[in-house]
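The two complexes that follow have subunit A in common; it is paired with subunit B in the first and with subunit C in the second.
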Partner chain A sequence: MKRISLTVLGLYVGMLAAFSQSDTDSTQYKRRKLTLEEANLISSYYHQDGNNAAVTGGIGSERLTDLSNSFELRLSKLDKKDRKHTFDIELGIDHYSSASSDKIDPKTVSSASSADTRLYPSLNWSVENKKGTTLGAGLSLSSEFDYKSIGINAMVAQKTRDKSGEFSLKLQAYLDQLKLILPVELRTGSNPEDEKDYPTASRNSFSASLSYSQIINQQLQVAFLTDVVYQHGYLGLPFHRIYFNDGSEGVENLPANRFKIPVGLRASYFAGDHLVLRGYYRYYHDSWGLDAHTASIEASVKLTPFFSVTPFYRYYTQNGVTYFAPFQAHDPGQEYYTSNYDLSAFHSHFFGAGFRVIPPHGVFGISHFNMLEVRYGRYEKSNSMQANIVSLNIRIK
Partner chain B sequence: MVLPMLAVICMTMAGSACQTVKEYQKSRLNDGEMVLGNRKVEKTELNFQSYREGASGANAGKSGGGCGCN
Partner chain C sequence: MENANVLQTASMHRRVLKLMGNRFEITVVSDDAAWAQERINDAIAEIQRIERLLTTFNEDSETNRINRYAGIMPVKVSAEIIALIQRATRISRLTQGAFDITYGAVNKSLWNFDTHMNALPDAATARKMVRLINFRNVIVDEAGGTVFLKEKGMRIGFGGIGKGYAAECAKSLLQRLGVTSGIVNAAGDLTVWGRQPDGQPWTVGIANPDQANRLFSSLQLSDMALATSGNYEKYVFINGKRYSHTIDPRTGLPVSGIKSVSILCPNAEIADALTTPVMIMGIRAGLDMINQINGIGCIIIDDNNQIFTSQNIRIK
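For the complex of A and B:
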């Protein structure tokens, strides 16, 4: 009897233990409310100068200053099926002043001429399940005085079975409207009194971006990227002057279609204990006859686990588009023409350095001030245009 | 087109040489400096490069739209 009682008691304890085991899963706390993962402030100051402004037909000052600020929030939550939903919200504000834009109509000091502000909010959502499948979609807007843009996107990504690789496909469409603001001497009627009175034209861009990233070993990972981009509509700008070889004047005229295929390769390599090398190469070809190569390398030196210094160098070269010619070199009988030196043959160097601080107890001891990154770069084109840029990223977590 | 083909060949060769890396072995791969995409601090640099140069894309950035660009 005693043995039976002990057996029953043992079974009871066993059952109790089994139930208490299953209870462990149900009592695991998983926060399902929307939570803030991180917030980022990205600011930059950009200044350029040169002597080939497109607004003045390929001659004249290219001086331009741009102050850019972007505030980004990343929120996430788990749903009932334990899928992670991520929401990226961004609000960007750029303010620029441009010496060449002031030459569109030198008599006016308006947002259409010497300076302008661009606002660009966006919202992106994505959800990832436990099988490594991610789906996402997004909406973006951009607005400045003479240019409005609406962007939509959808994406899908799938990790490989061993989670060492990921394939992704992103489809994007940008539906843009630009005001046809001609140089003052080429306007036939009176100046519009209201900004709504300017005629407009559309420019639409559609792209499919494919990428595949792969972990090679514990120190090396690579990514292969390619886009297929189709643009249609008014692809020039109405205030880019052309001075023809017979002394007459017009504005740039470019084909209404452009097909672009860039192909890129990235690699990140952790060399030793204190050095990370990041390399990038891109080949680009488009239907306007432009071929370009881009190669860059940066080396992050970890002086401590929480502080790194990153010098970088980028080389870029392109031939000119078929339709480019400099000041007073175009024949008025040509169908398409531009004197925009951004589409001419040139090569450029971009170099500089940055530092990154990510201390365990927060920057300056402020626990939520997770990361600070500052970067300076100098850009030099072979046609004498040059620029300087200082960027800052503050991350709150 | 030779260079993109070379890139594809390199990728294929790299892929065939892949090792299985377990989660606990990914401490270096997960380092903030090892990110394969663009860092946020590079955002404006990519922006001005796409306007000052004829080529753009294949860098996980925008592929059009959003600016009249002076």
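For the complex of A and C:
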């Protein structure tokens, strides 16, 4: 993912205009061209007079010649009431290509759906005062060929008096518009040439997330998390086909309302300098009759200050929604039906390990390339789906 | 979540103490606490050794012996002092004389800089006050191992470079003794090397010139030194203009226009030595100089709280 992120942490003052001089600067020092030797002051600083026993050793001129060419300065600003403001402006661009979305309409292989570009600008603001109260709000937009979304959020967080615990509440709303692109054989009339011709539907999601985190002691931190989510609108997907038991075909039809309540508990245990254990459990229930449990544990072992290994295991189980039936099992007389296996009963195991290196001088000696993580996981789902997942995470500064 | 901090304190060993009349903070990263404390002791011994060489409070220091025989005769000193004077002279030439170790000759009684001052002295009086300041009159005989101040009454002092030199020497010693990560902070002239125990670069803040106990910005650094000089406390307003206690050695007048200067470079001695001259030279000449030197960054805050930086600083 290519992500351009622009962080402005409070604009302290007007930006640099390095040579827009104010009249307060009335010195008799003049700009002058430095000699080559002067320009190389740092790398030649001790070569010139190498008789200084206290300094000539150690540091090594090798490092001094490897001068970094730029520095990143992070500004923070406290306002008159001593509150710290933070602004984040992010512009994300994802260019992705997906094979399965082409199957919606085989004739449009080269259309926008085979390689969509998504644009999602967002603006978030937050302010924290000295008493440990944080207020925040944000706005985001996301747009792709068949999907447009507007998100708004507001949050409030309060630290406990001794700052060891924090309670937070976040309210979010996503107002989505989707184009109903039916599978090609189910479209009536002529194939729309213009994208405006597709019918649209709306889907609105509202959520309230509550969390409470507490540092119990130096070793143990816990957090309780719960969400209440309400969705309304077109909740299926128009290109999920249904084959009924009488041989006819349609697309999935699901209720227009869904109410979800996940409740979770997370704990981190810091056992000495080199081992961190993290555990997580979540129970999920929704109004379509889906109940699910997730439990996971991971251990992060720091083998050296620059290398760590993180084995992990996750177990997940759910019963199916009442509207689910497999291929050619639905009766066309039913009100709601889906054959999406994500809504069927199954359980899964996911296990593997991550390997993370943060060398002091950068990965492969490239100082800007400061973290490399390779994660391998094997995913086994009870309805015979298996996957091996390798992901690579790099950080470039 | 504060995971990083929990892991961090376990293998960072820090001591704060007064050395060279300033607050020093020495941090060593190691799994072995006893070993780290021993290394901190080594660093303290090194800084105390430098303090004895450079102090002007002890009549018998090498520095004071040079001053005592100013205009009389060359004084034999250690190779370390000769090398330090030679490097200081290079910085004086580089900064057109804004940095000058003979600044110690400023006649303090003539120049009653205090917060009640309401007028600047006239140019001639001011000039007279700094007449003995001239780095070109420090005669170094490298082969003979002597230093001679040509004019009677001249004095040298290492106030503008000594803390940085001490920080650099302490770091260098610690590295030779096997400390792969640490910080030496000599009252704000600091040098960092290696990484934090969690593998991250060190985060270093720069104080807000209006509220010295608050940070206005921070940087992620590894193997780098940062020095800041500012006129946070000592300044006066004359005719609505803010003047600092820093005096331009070429005119004898206090400088104005800049609240603080921070210099970033791999060498703490250079970082320390260049902050004051940039303040004296002013934004235009100062930044023009910094921009031409490889591997140095500079952040200036002027009296109007505007930030000026060298070209290699990216503001995030």
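The rule is short, and it goes like this: the second predicted complex is superposed on the first by the 268 of 397 C-alpha atoms of A that agree within 3 Å, B and C clash if a C-alpha of one lies under 4 Å from a C-alpha of the other, contacts with A are read in each partner's own complex, and residues count from 1 in each chain.
As a convention for this text, contacts are C-beta pairs under 8 Å (C-beta built on N, C-alpha and C of every residue); 3 or more make two chains touch, one makes a residue touch a chain.
In this text the structure is predicted, and so the values were computed from the model without any measurement.
S.K.: Check the residue A:287 against both partner chains and state whether it touches subunit B (first), subunit C (second), both, or neither.
M.R.: So A:287 meets neither subunit B nor subunit C here.
S.K.: Just to be sure I read the superposition right, which of the two partners does A:142 touch: subunit B = first, subunit C = second, or both, or neither?
M.R.: first
S.K.: Would you check which partner chain A:174 touches, where first means subunit B only, second means subunit C only, and both and neither mean what they say?
M.R.: first
S.K.: Let me test your reading of the model: by the given contact rule, A:262 touches which partner, first (subunit B), second (subunit C), both or neither?
M.R.: first
S.K.: More residues of subunit A are touched by which partner: subunit B or subunit C?
M.R.: Touching more of subunit A: B.
S.K.: When the two structures are overlaid on chain A, which partner does A:348 contact: first (subunit B), second (subunit C), both, or neither?
M.R.: A:348 contacts subunit B only, not subunit C.
S.K.: Which partner does A:391 reach: the first (subunit B), the second (subunit C), both, or neither?
M.R.: first
S.K.: A:158 in the overlay: touching subunit B, subunit C, both, or neither? Say first, second, both or neither.
M.R.: neither
S.K.: For A:38, select first, second, both or neither according to whether it touches subunit B, subunit C, the two together, or no partner.
M.R.: Touch partner of A:38: subunit C, not subunit B.
S.K.: Should A:215 be classified as contacting the first partner (subunit B), the second (subunit C), both, or neither?
M.R.: Once the two structures are laid over each other on A, A:215 reaches both partners.
S.K.: Same subunit A residues contacting subunit B and subunit C, which ones?
M.R.: Residues 40, 42, 48, 55, 64, 68, 70, 72, 213, 215, 218-219, 221, 268, 270, 276, 302, 358 of subunit A touch both subunit B and subunit C.
S.K.: Quick one: which bits of subunit A touch subunit C in the complex? Just the residue numbers, please.
M.R.: Its residues touching subunit C are 7-9, 12-19, 21-22, 24-34, 38-43, 45, 48-49, 51-55, 57-59, 63-64, 67-78, 213, 215, 218-219, 221, 268, 270, 272-273, 276, 302, 305-306, 358, 360, 370, 397.
S.K.: Going by the contact rule set out above, which residues of subunit B touch subunit A in the complex?
M.R.: Contacts found on subunit B: 1, 3-4, 7-8, 10-11, 14-15, 17-21, 25-26, 28-29, 31-37, 39-45, 47-49, 51-60, 62-70.
S.K.: What residues on subunit C touch subunit A, complex-wise?
M.R.: Within the complex, subunit C contacts subunit A at residues 1-3, 6-7, 10-11, 29, 31, 46, 50, 79-80, 82-84, 86-87, 90, 93-96, 98, 168-169, 171-173, 175-176, 180-181, 194-195, 197-201, 214-224, 241, 248, 250-251, 255-258, 264-267, 269-270, 280-289, 292-297, 299, 302-316.
S.K.: Show me the residue ranges of subunit A that touch subunit B in the complex, using the header's touch definition.
M.R.: My answer: residues 40, 42, 44, 46, 48, 55, 64, 66, 68, 70, 72, 96, 98, 100-101, 116, 118, 120, 140, 142, 144, 146-147, 149, 151, 162, 164-165, 172, 174-176, 178, 203, 205, 207, 209, 211-219, 221-227, 229, 231, 237, 260, 262-266, 268, 270, 276, 278, 280-286, 288, 290, 292-294, 300, 302, 308, 310, 316, 318, 320-321, 342-343, 348, 350, 354, 356, 358, 371, 373-375, 377, 379, 381, 385, 387, 389, 391-393, 395.
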